[in-house]
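Sharing a structure with you now.
Letters A, B, C, D and E name the chains as they come in the text, with residue numbers starting at 1 for each one.
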Amino acid sequence: MSPLFIIGFGLIILGTVATAWPSPKDYITRLINLELPAFGILLVMLSFDETLALLTFIAVTSISTFLFVRVIEKREGTP
Amino acid sequence: MIIRKLSGILSNFTNLSRVYAVMVIIVVIAGIASIPSLDYQGDRLYPKTIDRDSPLDPYDRGGIPFESTVVLAEYPENSPYLGYITAYLTPLSLALAAATPHMGTTIVAHPGGIIDEILYATRGLDTVVETTILFVGFAVAAHLFRRREDE
Amino acid sequence: MFDLNIEGAELFALPFGDIVPYFSVYSATLAAFVLIFILIAAFDRPERQLNIIFGGDAFYEKEIKEGDTRFSRFMAIACGFATLGAVLTGDIFNFTLFAVLVGITNIAIVASAGNHHVLNAAFQYGIVAMIATVPLFGAAAIILATTGTLSIWTLAGMGAVPLLAKAMLILGVMGEGIAPLYIGKAEIIRAQGAPFVLMIHFSSLLLFLRVTEIVLVI
Amino acid sequence: MIDTFHIGMFAASLCIIIAFFSFMKETDDLHRLLLTDLASVMALFLIALVGTDLAEALILPGLVVTISKLMALTEIYLVKEGIQRNQPARTLDIEVLQSAPAILASILVLYGIFLSGFSGGAVAGLGVIFYIICKGHQERFELIETVSGYAWVAWIAAFFIILIFPSQWFLAVMIAGGAILIKVTAKLSLIGTMRGESDV
Amino acid sequence: MIEYIIAAMFAGLLLHGIHRKVIARIQGRPGPPIWQEILHTLKFLGKESWIPKTASQGVYVAVVGISIAIWTAALMLLITQESLLLLFALYVLHKIVEHGIGLASGSPYAKFGAIRSVVSAASELPLLSSVALIYLITGSLMLRDIEAYQAINGPLLIVAFPAAVALYLVILSKIHYGPFSIVEAKEIVSGYWTEHFGVWRGLMNAAFGLKTFVLLYTFVVVFIGPIGLPLTLLAILILMITLSFVCAATPMLSPYDSVTVQTLTTGLIAIYIIYLGVFA
């Protein structure tokens, strides 16, 4: 078991808790906390040498972040 | 009465995801006890061989272009040219491999390499479905987006 | 060729590399039904719904826009083919992907509905369909890790698949839409266009039948 | 290896329980939507635990499923809440997004083309998104849609070439790689167009 | 073959008549004569019929054909002793007939019936657990193997009692005037088939007669075993009368209560199956 894996799944658990109960409970905090488990899974993939999946994951995560930011902005915006 | 209460919850569809979450939690909690008895046998198919010194690390599966290499597929008899895609590298990736030992990911991401073998050849139907899902998801978004443009 | 006493004789298999879709008496019957319903969705015109204004004698016909019908029709046909794939495929992961495709096309069929209630139901159902990927892919991953294969052909009759994975598979397909989570789908079905919304119901019934077979076979 | 798998499974179960528990408590629709993204991380974690090449090949469809459902659901959310015409509040008004998109975008696009295949498509698409988002581009949907449609057809053709004429694998791999690159790039760059607010 | 189908159809319609008669007698009414349903069907077949202007024509006609096809195929399966799973699949597909009939016409009453039919999709859930339990006990789902098993070990009714209860519940939810027949409750006129008249109604009546016969016949074949034709018919009659008693004595549940009851039953049987599979 590599240290990368241990740090990775530690981060996933931590990140899950942080996302499940974000401290000021608003959309942006939750969105930012969401990056924690995402980073954890990156480390897990790295420890299994799944680099290609890792790369795609980074791209897809940034896209989904864009989607969320767009919705949140619309929601907070004025008609 | 408990039945009335339950049907009250079920009939409101905004509770749908909540009911589902409860069911998943029940199954997972019941399943935790069985985890230690699970046997790991995942390396029966497409196992990894890591060669840290190879310039193709972590995707070096051996073979030279236009020759085949050993790939453990589920039904080798269904793919007569198994291993050819894995062994193939584009000229650009060959040049990269010769020049630098740090671009393994780039190299395998060119058409050719084990992942492409799985995604395009042995489990190609998966990729067909996957691209279709992307297409449908996109079509929904585009349809709704464009409709409000028209209005 | 596996020959279990569950679904009748094997008729025909169609190898796509590692994924081997197969026709048994059971799945061939289901596939025939799917084809009939695809034809209905492809060529039938939608009904014109009547609404009654209560307290008076008046009633009026709902209007359907041409463009929306085309979109729904296309998605209904796509949903039909997804169902066909889910019924015939011989691979667990491939089956889960088809299930997801069925889920998303179901949302797509009603996405063009202007009705706020229907859209809300579609959204709630979509959320469940989305979190259902956890048990769905989780089941596939556990099966792969514990038995070393995903092919139903190899798994058939081995009894090696852990109960956890089976339960998660059923749960995952449930999330893509079978009872009692059906309530969401029932609300979706209030949308107009009989041949298309019929496909929503039809696809989930077939998913239910297929997952029953898979769980019994593996 | 056995240890890793079991510990990973325990961790994953724990995370699933936590995530779904908070899901159960949540009533706001947008918060739920955010939590589905968390759930998809769990699914990927479970697949990644298998650790073979096959697992890696299964992660890619998993990712695609996530992003396509998110695309559909966010749009439905906007329509259902009736806020699709809202003037967006720039909550994330980051200076970098305004000033240096072009360089970043071109680097991403170039690297994406360099990678090609699905990852390549995703990375290149990301680059185009960056560019369009930050420039507020007005794009016509039809052209990109058509291109990506043809790319999809090309990919299907490649799939059948591999199955029916396996000896032509080289041609098929080239078609498939190129088609999937174009297709994914095109699809993802359209997201940029959507955010580009052509209607405000 | 065709004579079997016709015979089964008339037997089923006769059972419907008996059902109505028994309910009426329990409730202290004289009730219609027992061949009323047969006369009904023959009368409808001779009527003038067309397709409503607002209807979705393909669905409107196709589902009638499909309903006949489904139950004919089911009867064939029983006679040729093929897979039980396939039989149940056909049964589940019957839902789509109800739904299709309801949606096709565009009438709000039929539509309500159809939506209730979708909501009560939970009525198929006991089926899954019942099939699983039978498979766990006999190790096969082919009807001929089940018969062979019963010839050796006695009727399944005793060994697989929960499965029998589940199937009984499923039949109950499909029978007219039952506690679960929310799809044709009187507050929505006749439910999903409000708008089908004339020949269509006649054909559907015939198909539903066939359905009743097939369901009861399946129950007897699967849980009591091969006992010869006269005894089988007697068993079917007795079963039908018990069902009529239940229908006469229970009120109709509200839609979601019926869903909950069916789901809970399934859950209990599923727990029993898991218990059997893990500990026994």
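Everything below uses one rule, namely that a contact is a pair of C-beta atoms (placed from the backbone, for glycine too) under 8 Å apart; a residue touches a chain by one contact, two chains touch by 3 or more.
Quick caveat: nothing in here was measured; it's all calculated off a predicted structure.
Participant: Any chance you could name the chains that touch chain A and chain D both?
Facilitator: Expected: B.
Participant: With centres defined by CA atoms only, which chain is the most remote from chain C?
Facilitator: Following the centroid criterion, the farthest chain would be A.
Participant: Based on mean C-alpha positions, I'd like to know which chain lies farthest from chain E.
Facilitator: The most distant chain relative to chain E turns out to be A.
Participant: Kindly work out which chain lies most centrally, taking the average of its C-alpha atoms as its position.
Facilitator: Closest chain centre to the overall C-alpha centroid: C.
Participant: Taking each chain's centre as the mean of its CA atoms, how far is chain C from chain D in angstrom?
Facilitator: Here chain C and chain D have centroids separated by 23 Å.
Participant: For chain B versus chain D, what separation do you get between their C-alpha means, in angstrom?
Facilitator: 13
Participant: List the centre-to-centre spacing of chain A and chain B in whole Å, with centres computed as mean CA coordinates.
Facilitator: Centre-to-centre distance between chain A and chain B: 19 Å.
Participant: Of all residues in chain B, which are in touch with two or more distinct other chains?
Facilitator: Where chain B meets two or more other chains at a single residue, that happens at 10-11, 17, 21, 24, 31, 35, 38, 40, 42-43, 45, 48, 79, 105, 109, 115, 121, 123-126, 129-130, 133, 136-137, 140, 144.
Participant: Can you list the chain D residues in contact with two or more other chains?
Facilitator: Residue numbers touching two or more other chains: 5, 9, 16, 20-21, 23, 32-33, 35, 42, 44, 49-51, 54-56, 58, 60-61, 64-72, 74, 76-79, 84-85, 115, 118-119, 162-163, 194.
Participant: Among the residues of chain E, which are close enough to touch at least two other chains?
Facilitator: Residues 259-260, 263.
Participant: Can you name every pair of chains that touch?
Facilitator: Touching chain pairs, listed by label, come out as A-B, A-D, B-C, B-D, B-E, C-D, C-E.
Participant: Enumerate the contact residues on chain D facing chain A in the complex.
Facilitator: Where chain D meets chain A, its residues are 3-4, 7-8, 11, 14-15, 18-19, 21-22, 30-31, 33-35, 37-38, 41-42, 44-45, 48-49, 51, 55-56, 59-60, 63-64, 66-67, 70-71, 74, 77-78, 81, 83-92, 115, 118-119, 122-123, 125-126, 129, 133, 188, 191-192, 194-195.
Participant: Report the residues of chain C in contact with chain E in the complex, numbered from low to high.
Facilitator: Chain C residues touching chain E: 5-8, 25-26, 29-30, 33, 36-37, 40, 43-52, 61, 163, 178-180, 182-183, 185-186, 189-190, 194-195, 197-198, 201-202, 204-205, 208-209, 212-213, 215-216.
Participant: Please give the residue numbers of chain B that touch chain C in the complex, ascending.
Facilitator: Residues 10-14, 16-17, 19-21, 23-24, 27, 30-31, 34-35, 37-45, 73-75, 78-79, 121-126, 129-130, 132-133, 136-137, 139-140, 143-144, 147 of chain B touch chain C in their complex.
Participant: Across the complex, what residues on chain A touch chain B?
Facilitator: Checking each residue of chain A against chain B gives 49, 51-52, 55.
Participant: In the complex of these two chains, what residues of chain C are touching chain B?
Facilitator: Residues 15-21, 67, 71, 75, 78, 82, 85, 89, 91, 93-94, 97-98, 100-101, 104-105, 107-108, 111-112, 120-121, 124-125, 127-128, 131-132, 134-135, 142, 144-151, 154, 162-164, 167-168, 171, 174-175, 180-181, 183-184, 187.
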